[in-house]
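Structure below; questions to follow.
Naming follows writing order (A, B, C and D), and every chain is counted from residue 1.
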Amino acid sequence: MTGVSTNPFDDDHFHEECAIFGIYGTPESSVHTALGLHALQHRGQEASGIVSFDGKDFHAHRGVGHVGENFDANSAPMQALKGHIAIGHNRYSTTGPSEVRNIQPFSSELAFGGFALAHNGNLTNAARLRASLVETGSLFQSSTDTEIIVHLVARSHQQGVSNRLIDALKQIEGAYSLVCIADDMLIGVRDPHGVRPLVLGKRDDAYVLSSETCGLDIVGAEFVRDLLPGEMVVIDKTGITSIMPFQEQPSRFCIFEYIYFARPDSILEGRGVYHARKSIGAELATESHVDADLVVPVPDSGLPAAIGYAQAANIPFELGIIRNHYIGRTFIQPTQKGRTDSVKMKHNANSSAVAGKRVILVDDSIVRGTTSRKIVLMMRAAGATEVHMRIASPPTINPCFYGVDTPDKDQLIAAQMSVDDIAKEIGVDSLSFISIDGLYRAMGEARRDPDCPQFCDACFTGDYPIKLATGLSAKRVSHGVIN
Amino acid sequence: MTGVSTNPFDDDHFHEECAIFGIYGTPESSVHTALGLHALQHRGQEASGIVSFDGKDFHAHRGVGHVGENFDANSAPMQALKGHIAIGHNRYSTTGPSEVRNIQPFSSELAFGGFALAHNGNLTNAARLRASLVETGSLFQSSTDTEIIVHLVARSHQQGVSNRLIDALKQIEGAYSLVCIADDMLIGVRDPHGVRPLVLGKRDDAYVLSSETCGLDIVGAEFVRDLLPGEMVVIDKTGITSIMPFQEQPSRFCIFEYIYFARPDSILEGRGVYHARKSIGAELATESHVDADLVVPVPDSGLPAAIGYAQAANIPFELGIIRNHYIGRTFIQPTQKGRTDSVKMKHNANSSAVAGKRVILVDDSIVRGTTSRKIVLMMRAAGATEVHMRIASPPTINPCFYGVDTPDKDQLIAAQMSVDDIAKEIGVDSLSFISIDGLYRAMGEARRDPDCPQFCDACFTGDYPIKLATGLSAKRVSHGVIN
Amino acid sequence: MTGVSTNPFDDDHFHEECAIFGIYGTPESSVHTALGLHALQHRGQEASGIVSFDGKDFHAHRGVGHVGENFDANSAPMQALKGHIAIGHNRYSTTGPSEVRNIQPFSSELAFGGFALAHNGNLTNAARLRASLVETGSLFQSSTDTEIIVHLVARSHQQGVSNRLIDALKQIEGAYSLVCIADDMLIGVRDPHGVRPLVLGKRDDAYVLSSETCGLDIVGAEFVRDLLPGEMVVIDKTGITSIMPFQEQPSRFCIFEYIYFARPDSILEGRGVYHARKSIGAELATESHVDADLVVPVPDSGLPAAIGYAQAANIPFELGIIRNHYIGRTFIQPTQKGRTDSVKMKHNANSSAVAGKRVILVDDSIVRGTTSRKIVLMMRAAGATEVHMRIASPPTINPCFYGVDTPDKDQLIAAQMSVDDIAKEIGVDSLSFISIDGLYRAMGEARRDPDCPQFCDACFTGDYPIKLATGLSAKRVSHGVIN
Amino acid sequence: MTGVSTNPFDDDHFHEECAIFGIYGTPESSVHTALGLHALQHRGQEASGIVSFDGKDFHAHRGVGHVGENFDANSAPMQALKGHIAIGHNRYSTTGPSEVRNIQPFSSELAFGGFALAHNGNLTNAARLRASLVETGSLFQSSTDTEIIVHLVARSHQQGVSNRLIDALKQIEGAYSLVCIADDMLIGVRDPHGVRPLVLGKRDDAYVLSSETCGLDIVGAEFVRDLLPGEMVVIDKTGITSIMPFQEQPSRFCIFEYIYFARPDSILEGRGVYHARKSIGAELATESHVDADLVVPVPDSGLPAAIGYAQAANIPFELGIIRNHYIGRTFIQPTQKGRTDSVKMKHNANSSAVAGKRVILVDDSIVRGTTSRKIVLMMRAAGATEVHMRIASPPTINPCFYGVDTPDKDQLIAAQMSVDDIAKEIGVDSLSFISIDGLYRAMGEARRDPDCPQFCDACFTGDYPIKLATGLSAKRVSHGVIN
């Protein structure tokens, strides 16, 4: 079964680690949550879970694989997910096959009753908190950061779920957006810097929380607003209440959401993601013009930037690479001595379009550079006379510690060599990345404010807005697995 | 497990029923065949099979689902597919869940030894042949046309496999491309009108046969040529031999291969499919100009035509609809009274791109019209001020009997109402289909030759090049299933 | 899944290859057939199939594994098995993992309509018939003898199903009991020598055919009579008709059915199987008395003979070996250097019962002798002071060609060495087999009639009642598999 | 898959809830544990788990179904269970489908390192302890009593694992035998009354702990001794240490282990189980003699008592009921109006043995009486002229709270009606249960000591040796499930 589900790990990208979704106020809460998670599948493809609450009991179902594999509306588990509140989570796993116990939402019975939590982000003081909890007798059942928050809530001496949750969140450091169910309430929170997204919508009388607006669209909910950095919203039968429990911090929304993570049809923090990508492409065309016959996107993530580039440069946009959307990674013969590589499972040159042409390839980012090299080779084999690569992000030279799966620094090609050397390595005639200020211009800012950057851009600049545990800057934390 | 695999039946298209692939002359014949079938997955997504021959024994593996699910190179069944010859088949089933016995290639032990056959197309005299064979004592194990051919070969009194196969083919009527293994040979055949495609490639010393050139590309084979209509090629250790066993007929290649079936990166009968689609789009722009702000493709099949249209009309091309490539059909709640429809599982309006804009939607065809209506509604809900629909094919008013899955005539919207009425039905401000002569112009012809059309275009014109069994013109043949 | 089902191959026995069951005249025909097959599971544990007929359509379901795994009454396949007639088959496979296409009943559409057949036995002229059918254009879809019969029926020029079936059966040689559905009839046949059993029962208005009477008991049917050797019964809405289409032959019922194959609660050819086994035990006690403290059965097949022995010898009967009925073969570590052998997965000495005692072990037969040796060792390790083995059959020195799975002659220990040498090999203080005449006495005969033996006892005597194809006497026929 | 595994719930017995096994000192510790669990499968058939420790890491595998289904020695999970220490557990679930998180051993990372625990028994103060732990911030991941013990160990302020475990055990009340791994040690404990069994064995240098001696036999270990009531043994590289940490209590070993739970080849507390059962049968023959022709055991559990009865009464022992060991419960048609009942799936009358005979049926116990009635009917239908039932235990009139699955009192037939009324209800000519003193005599005691009974016999007498939580005596505790 797990052989069927897939993660396009081989496509050389950073990966968002999670999606969250929650809804309050409809008897079909779990179906809507499944739909929302389906729309947010790109943020986590390894496993999914839904927990619902019917006013009396909690119901849960979790499964490895895509949402569509595990939450068939006609299946018994799905029909058991009764209730007017539900939350859900898509997981992207970095540590081998997802164990079921690591699939969120995490649910448990606390002293005040049931509690279910789903979390997108990463705690930077997780190891220390966990050690301290274990030392004083807490038993962990998963290796997730999420469970740390639940233990802190369980241990809190505050009265009331909201206060206990605030008490717990004040002890954690890191980036997070979260949704939880407790005491007949749906609660949503964004961390004080607002690194990860969380939006609020309304569908008839029901309130919806979703990582992105595309999760609202699929259930027919209207967008209300983004949650503010550091905001907690508590939704119950009396309506919605907003609380600002933390000391105010400057907003540092993850700029990579615009570059790659979010779906192009989502609107985050007031910006349409498609529009943002086209603007980056246009800015890139201005910064690094080159004469060519075609602008070709690396599918599918490079499309909007390529369209923006082509329009700005007035060069024809063409589909010079065709993507096979079926999953083929598993049947590559290991003994084939590399002649049929994994890139061919997904991409093929559209030779009748590129033969004899000077081609500008537009991609969103380069991480290890392995895929880029193969695609360039493919273009040349198809008869392209020149291949120029334009990248819709600055060089990625630092790992992320805020909920994104990134390789260690020594595997980031841009951290290891100059742009010229990368150009040679991947075999292009020219290579340009957008400048950091160009990126900010595409976002509608005059430039990056070095004293207080308008976004989290640590992967490009190393300027981490939230302090890291000792040793974190050198190497990413392994989440570990209790065997 | 089968719940996971999918066919996007709901997207209101005709569907090619099969892909075939064969290779002679490499010890990795079955791995290459799996790769080829993966590249040809769009022609049949229900089930796949591979048969190989190692000079002594035949080996077979068949499975319901995608190629990637069934032909993992590390699996025991795949490793058992030894040999220097292999053929493979992707099946698109019209009759409920594919039974394993209906999955091709069909293999059997005949008097002269093992015989394996895979077939793309449809026999128009199948019912009569089958009845006659059963009457005289043949046992059928499947409901496929393919088995009819094998029985005819088994019954033939000719000497030698090629002669027996020719003897059998002379008794059948219909459209077919086929590959078979027998007597240490790989044989490929196209029917006398060449309705379905079949191309020849070469990879080092190995010969490759594939429904489309994208199947050659993935295995690194070079394109040699299309097989001719009515040609049989016999490949063995002495090389390749071409035979023209049938009376010559005018070529009637299926024009819908260019419109929708084939992959855009394939080159068939000397035309690049991507280029052909762009030309149709351009021709469409000329024929049915309308003032608008954006040209928006209905993804993914409308993309090339939309690019051609936008370039010809000089209107910006934008991704106004975003497609979710994950499979979500299965978890739609049946009790939801249609509020969340199946189109939303796959498509979402890119509202920041289309709001306030006059939009030209470009799609390849309209079959029942159900999807079109929902997409138009979606555009309007996202704020489009005008929605014009342009279709890159003439109205489809007749079913196909040559290997394509089409609804009966009474379900074809264009067979039931005028273009104006369709426009009202799907809710657009204007609607145009390309003219039949415009379509031929896009193919590089001056116009359609009504006396001897250059292509099979029966779905548009009702001009069927191969005679139909009595009753076929009224209703499509049901293939039936022996329970 | 197949790992779960099991055949106790390791227990060193001959194995019956099949069970058949059929019922006419109840709307719950398939449920009764599933029940009957469950009661007959001991005759075939690898795979099962049921075909039903509802007056219009045939319905089939087949599965690898036990009946209980594949025919859950609440499952969709089972509920689709509608109709007033059903036949079923349990298969015991000798050639690797059962392929679904080899699972009976075999069903096909012949010129006169649907035809389904299930068969217990083995054809001795199968290879010749098959070759001749293939030569003249028949396609085989399985490697079963059963399909040969169906082809012969399909080719017959006789009128009417019964006549065609008789025509076909006159061409075959071998042992068979069979049930079939055709033309709204249930037909049952036993071969002219009546080698394999087939009994007739009645349940209200429904007629039942079953390999053994235990299949009647479970569905609440009353035993009517055994079919006669060479008899065909045709059951339809007018009732039951008996036909004797073959030249009369002397009855040669398989004597091993009494020794081991049949269930002890079955009654075959007028003899209760339990009673027959007790009589053999009693005869054995008379023939080969030895002083001892306990009579211990090798479970479970040795129980009735041991009870008979103990009662005749007036020595206490004790359960000195305890059988674990759970399946444990699969988790034996191959690297354990034989210290934990497969016998321990199933048997353990009851040491408190046997320690310090002189033990008579009673088993039904010895084939290879491997298990016997381990059990004797186990008895001695548990403290038995003497171990005497008594075998409730004569030495098995010849393979069976009539539907029983037996090793080749060179693996039959009794064909390779004397009784004294076997005793040494398996480590007993004394060993006796019942004499062939003693066996016949236990069956109620005065002695074996050497001119025309009352039973088929070829495995003991080499006196094969049905002629074997050339070469068969030297080596058993491999059934072969079309890959 | 779960459909394949089975519990013979329908056979109207009390059921032991668990088996435990542990081994220290062999590199094949997990294979031996799998073998031991296989031998102990009768004590828990729903799910199994093994945890091993290799000196550095813990490894775990758990699965629903039989040991043989989940612990194939060649499977990847099994090969990952490395180490010189392993413990294992078979689970018998009373609350629907076993969730994986409830499958023992329970393993967790405590402040001092990994800790794994498997437990046979039941805590009588579980609800109170659990509530208190949750109140103070503990998160529970299962609904097992076992986890309570682990939380208490995690919370203990004692130094050293043994002391922490003792500290935890002093807080619990109930019956338990347990094995655990921590700090490179294997620890075994029996509760102060020694209600549940636990034996110590030795295999070369390795120490083995097992619920019964049959678990020692299968791995070739020699029996050393039973653990004493209240004894803790700590096994590490220095050898074995015995500790008696609790205040001494009178031994109250569960007498039902001899009647039904334990395997007949096990030896517990110095008594061979087979011998004990035969003695009960003999005592029963003395107490309640009746003239009859046959003694027939209800298979399989009634066999030893029936043999004892037959020998004492000098009446022939016969297999009058034949058991089908294949699993058939799942395919009973619910709509069959009871005509084919579940008893027929497992049992059939051996009619040739019982027809015309006066039969004494010997069974070990009667719980609800439903099965007994059907078996008596079956005997009469097969022609038995008289049916007398003799039960090898006193009437069961109270539920068990010490780790045995029993119905509530209102479902215990003997708690609801007199012996005469039961006889009428189940339709026998006479019915006798062994007397409580007769049972003690069979155990070798002069009689039951009412002041301090030598065994726990609360299910017969209501004399519960360990105090029950309020409300427990009225109704069994539901273990509950956190959804």
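Simple rule for what comes next: a contact is a pair of C-beta atoms (placed from the backbone, for glycine too) under 8 Å apart; a residue touches a chain by one contact, two chains touch by 3 or more.
Computed from a prediction, not measured in an experiment: that's the story for all the values here.
Peer 1: Work out which chains are contact partners of both subunit B and subunit C.
Peer 2: Looking at subunit C and subunit B together, no chain touches each of them.
Peer 1: Please find the path from subunit B to subunit D through touching chains that uses the fewest steps, and give that number.
Peer 2: Tracing touching chains, the least step count from subunit B to subunit D comes to 2.
Peer 1: Subunit A to subunit D: how many Å between their CA centres?
Peer 2: 50
Peer 1: Counting in whole Å, what is the centre-to-centre distance of subunit C and subunit D, each centre being its mean C-alpha position?
Peer 2: Chain centres of subunit C and subunit D, defined by C-alpha means, are spaced 36 Å apart.
Peer 1: So the centre of each chain is just the mean of its C-alpha atoms; given that, what is the distance between subunit A and subunit C in Å?
Peer 2: Chain centres of subunit A and subunit C, defined by C-alpha means, are spaced 62 Å apart.
Peer 1: Which positions in subunit B are in touch with at least two other chains?
Peer 2: Touching at least two other chains: none.
Peer 1: Any two chains that touch count here, so list every such pair.
Peer 2: A-B, A-D, B-C, C-D
Peer 1: Name, in rising order, each residue of subunit C that touches subunit B in their complex.
Peer 2: Those residues of subunit C that touch subunit B are 57-60, 100-101, 107-111, 114, 134-141, 147, 150-151, 154-156, 482-483.
Peer 1: Spell out the part of subunit C that touches subunit D in their complex, as residue ranges.
Peer 2: 1, 3-5, 28, 31, 34-35, 38-39, 41-42, 45, 65-69, 71-74, 78, 214, 217-220, 263-265, 267, 272-275, 300, 303-304, 307, 311, 316-319, 322, 324-334, 336, 339-340, 344-345, 348-353
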